[in-house]
Amino acid sequence: MSSVASQVPFKRTLRAPLKRALREAGAFMFLLPHFALFVLFVVYPLGYGLFISFHRWTLLDPPRYVAWGNFVRIWGDARFWDAVMNTVVFAAISVPITVALGLLLALLLNQQLHGRLWLMVAFVSPVFFSSIGILLSWNWVLASFPAGLVNFYLMQAGLLTLPVSWFGTPASAWFWIIVITVWWIVGFGTLLFLGALQKIPPEQYESAMIDGAGAWARFQHITLPWIRNVLIFETVRQVILAFGLFDQVFILTGGGPGGATRTMVLYMYQMGFDRQQLGLAAAISWYIFIVIILFGLIQLAFIARSVRSAED
Amino acid sequence: MNKKEARKWLFSIIAWGAAVVWFSPILWMLSTSLKPTLVATTERVPRWLPDPLTFANYQAIISPAVGAGLLQAFINSVLVAVASVLLLLLVATPAAYALSRLHFFGRNFIFWSYVVVLAFPGAIFLIPHFLIIKDIGLMNNLWALVLPGLGATFGVFLLRQYMLGIPRELEDAAWVDGCSRLRFLIFIVVPLIRPALGVLALMTFLGSWTSFLWPLLVLSTPDNFTMPLGLVRFTAGWGDPFRGIGPTMAGAFIAVLPTLIIFVLGHRYLMRGISLGAIGK
Amino acid sequence: MNLQSKWLRVVAMLCLLAAISTAAWARTQITFMTPLGGEDGGFMDEIIAEFNAAHPDIEVVHLVVVSSVEYTMRLSTGIAAATAPQVLFIRKFDMPPFMPHFKTFTPEELLGHGIDVADIFPALLDGLVVENRVHGIPLDAWIFYLAYNRDNFARAGLNPDDPPANLDEWMNAMEALKAVTPEGLTPYYENVQWAWLFVHLLWQFGGDLLTPDFREPAFEEAGAKALHLLLEMQDRGFVPKDLPISPGPPFLAGDTSALITGVWTVRAFAEVLGENFGVAPAPQLGTHESVFGGTHVLAMPEVMVRDPVVLNAAMTWVRYLWDNALDWYAAGQTPARISITESAEFRERLPHIYTIAQQLPYVRTFPFFPHISSVVDEIAPYVERALIARDITPEEAMRLAAEHVAVFLEDYWLGVE
């Protein structure tokens, strides 16, 4: 009996780390298929991109090593910094609007409504449309001659006397780019928030109302904690999307007027792919990465803190 | 009617009013596509209901493109999109589970690297993917349209966030019952995150369906082409509206229609999934 | 039958159809990549269908890629991986980076295939013949012309059969047309900062984008003159002061009266305006006789036509286009061939385009410099500022633009040498 008792602790201490390692390996197996694809199709290309960013290369000629040349060139280009500023300002304005509007629409659609399914189609489906279809449509809606939809109705309402070319000034162009972007992408967030809102048990609200909590208090203390994960995800997603703004400026304004709507990705296209300078494009993509990480972290910290303070 | 009914009607009216205005650009697109270009560009008052209603714009697009060529492209697009969705869900779900609920060395580092790479503009992957596919020997092969997208991390990120919402008590209860991690994943987690799976499936399907530049770079024989390669000429005329705003809008609507149909059919499933997903905290 | 087996039959039928359509036909397949979107693509489709019907051993497949960036990306990846299309219909200004990779012929070899390069307008061939080797065959020319509304001209007291041909006539006509133009529009309603219009005027004032050796910008002086002309037209109410996006619809509606625009608009305008549609050579508003143009060139990546069977098939297609070009010109292009331009058949079949094509002897195209469109992009913001924002003078705008272009050129030459 004593021999058995003395043996058991020994076995346990030897087996435990081995068992844990096996468990962890087993856990990693779940990740492995995707991770392998991730390494092959994401990590390796990015590493390759970094390598290429130190070269001048057009795909048809042999690469030429230029060390930091590409990076220096971009750092010194005023248009790059303009593009950064444009993108940052756009993100700073459009992300809060999109996230807030997504939540608002989700709250609205969470109510008892007639024909809720079709309302969802109207608000949410645009996010699943391809950019070309949407942007061509909006371009036509904003057409600058008197029968253009927006011009026509504004003139009818007496707010305008002559038709306006909506992409003619930077302010107006940015206004519509923001409107169109929000219109386009808010649906996905609405869907996510709706899914999260539906998980909240109604008893929580009922008991809060019995306790005499007002609508804002209910929102703060019940809704927010439940949707916190989704809120963070949605914010991160929107920040990344905003910094990747390309299609709208490419199709609607071409970066104009005078480069005022040129974003970082459009800059990368014009400097890199237009001129087939792949090394330059790769260098720009690394700059974009750094900018997004910096601002993404800032925005994320801000959101996380404000959500936490709202909950408390 | 009682207060609740009145409230429902009030909210509905507001919501519907907003929804109609919200959706109007698409309605205007449809309306323009049913007018002759001449009318669409010269009418002085915008008419929502086309007076000479015509399908000529749609005919102009569909008839030259009809033939074995477009059917083949349609089939290719379907195969690629379906394969992309199935395989992505197949690899992303366990990956998300591992990153949300399991423990292994380097888990957090890997998760944050998954998030961080989302900060790279998608265009930068084109040429490296092209070179990889060339080296693997999958040029001009439909698998080249499926595989690179499987490494994407957005889907894993999305599913992981949803899985975080699954309460630990469920997991502990299953563990006590002797349920293996795999069975827990398949039989408990997956049904609970159905809305997220549905959304991800839809997004992946549509991303694959509308992808143009990547198939353009890797496919070279027409038998392998996908739909966007065949239809691009009708959606690329954004320069001069008067040169054919009718067919342009018709092409845009054709591009939008499958999405709309899938969404209308699929979102009922989504809504059901969303309400069934209600569980205690 | 139940639903399941019905679906099975549908699937089986689809698979069978797929199999049939992919069956090997022992036809040489030629992929023909063009940038022709919209109805232009439709015209080319018909020509291709006729060719395929007449040539059972060759199948030409039409691949349309409209955007220049995507087109050149497809071409460079295709050349790198030997998966490029066999025959290209490429905008000439996209060609320079690929010059070492095209299949070349001597003029004599081309004559053997039935193609006479001496019959092509020299300005269009400019840059394509290097050391007596031809790198591509221009098939057409898109060229500017004057489109005008005859009815409006008459109502303004002008002779619709005698449209303005020089600066004075033009300015007088504009002034008269203001009386028949509704409020909020101008007689010549166009994007004044349209880059191609700027280049058109630049050439008419004797300047060019670059010096012949491509080392320096050459547009400062003439560019300023062009901008001054546009400013004057703005101030006198002939052209808009801000940015209209859609010049076409008001012209089609008869509200605006004149457009200096490309020949590709002829079909649409003729269809809508009918008898009212006036066509004339673009007025010479400057000191040097010239008109803006560009060309689509037939070229072949050398790596894709090494197989003699493929080369033969490709040349058969090229020859067919060369011979049947009139079918293509009907889409709204002028011929690249001198003999066609002067032919009676052309005049009878396409009278409007015939009138426009008479400008071809003095057409000019972009300098044959790689990424010339990037040079134009460097200038564009300053044109916008001078004309729309008006916060700098034309001289200042051109000076700044020249500085930026000089940087671009320096960077390019540094990379090459």
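Order of writing sets the chain letters: A, B and C. Residues in each chain are counted from 1.
The rule is simple: a contact is a pair of C-beta atoms (placed from the backbone, for glycine too) under 8 Å apart; a residue touches a chain by one contact, two chains touch by 3 or more.
Keep in mind that this is a model prediction, so the values were computed, not measured.
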If you average the Cα atoms per chain, which one ends up farthest from subunit B? C
Dominant interface by contact count, named by its two chains: A-B
Could you grab the centroid distance between subunit A and subunit B? Build each centroid from C-alpha atoms only and quote it in angstrom. 16
Could you put a whole-Å number on the gap between the CA centroids of subunit A and subunit C? 38
Centroid from C-alpha atoms only, then distance subunit B to subunit C, rounded to Å. What do you get? 36
In subunit A, the residues touching two or more other chains are 59, 139, 143, 146-147, 269, 273
Multi-chain contacts in subunit B: which residues touch at least two other chains? 44, 127, 236, 241, 248
Got the subunit C residues that touch at least 2 other chains? 73, 77, 245-246, 249
Give the list of subunit A residues in touch with subunit C in this complex. 56, 58-60, 64, 73, 139, 142-148, 162-168, 256-259, 269-270, 273-276
State the interface residues of subunit C toward subunit A in the complex, per the touch definition above. 68-69, 72-73, 76-77, 79-80, 97-98, 100-101, 183-185, 242-246, 249-250, 371, 373-374, 377, 380-381, 384-385, 388-389, 411, 415
Of all residues in subunit A, which touch subunit B in the complex? 23-28, 30-31, 33-35, 37-46, 48-49, 59, 108-109, 111-115, 117-126, 128-130, 132-141, 143, 146-147, 149, 152, 183, 188, 191-192, 194-196, 198-199, 201, 226, 229-230, 232-233, 236-237, 240, 243-244, 246, 251, 264-265, 268-269, 273, 278, 281-282, 285, 288-289, 292-293, 296
Which residues of subunit C touch subunit B once you look at their complex with the stated criterion? 14, 17-18, 20-22, 29, 31, 36-39, 41-42, 45, 61, 63-67, 70, 73-74, 77-78, 81, 83-85, 245-246, 248-249, 251-253, 264-265, 268, 271-272
In their shared complex, subunit A is touched by residues of subunit B numbered 4, 7-9, 11-12, 15-16, 19-20, 22-23, 25-26, 28-29, 32, 43-46, 90-92, 94-95, 97-99, 102-105, 110, 114-125, 127-129, 131-132, 147-154, 156-158, 161-162, 164-165, 181, 185, 195-196, 199, 202-203, 206, 210, 235-236, 238, 241, 245, 248-249, 251-253, 255-256, 259-260, 262-264, 267-268, 270-271, 274-275, 277-281
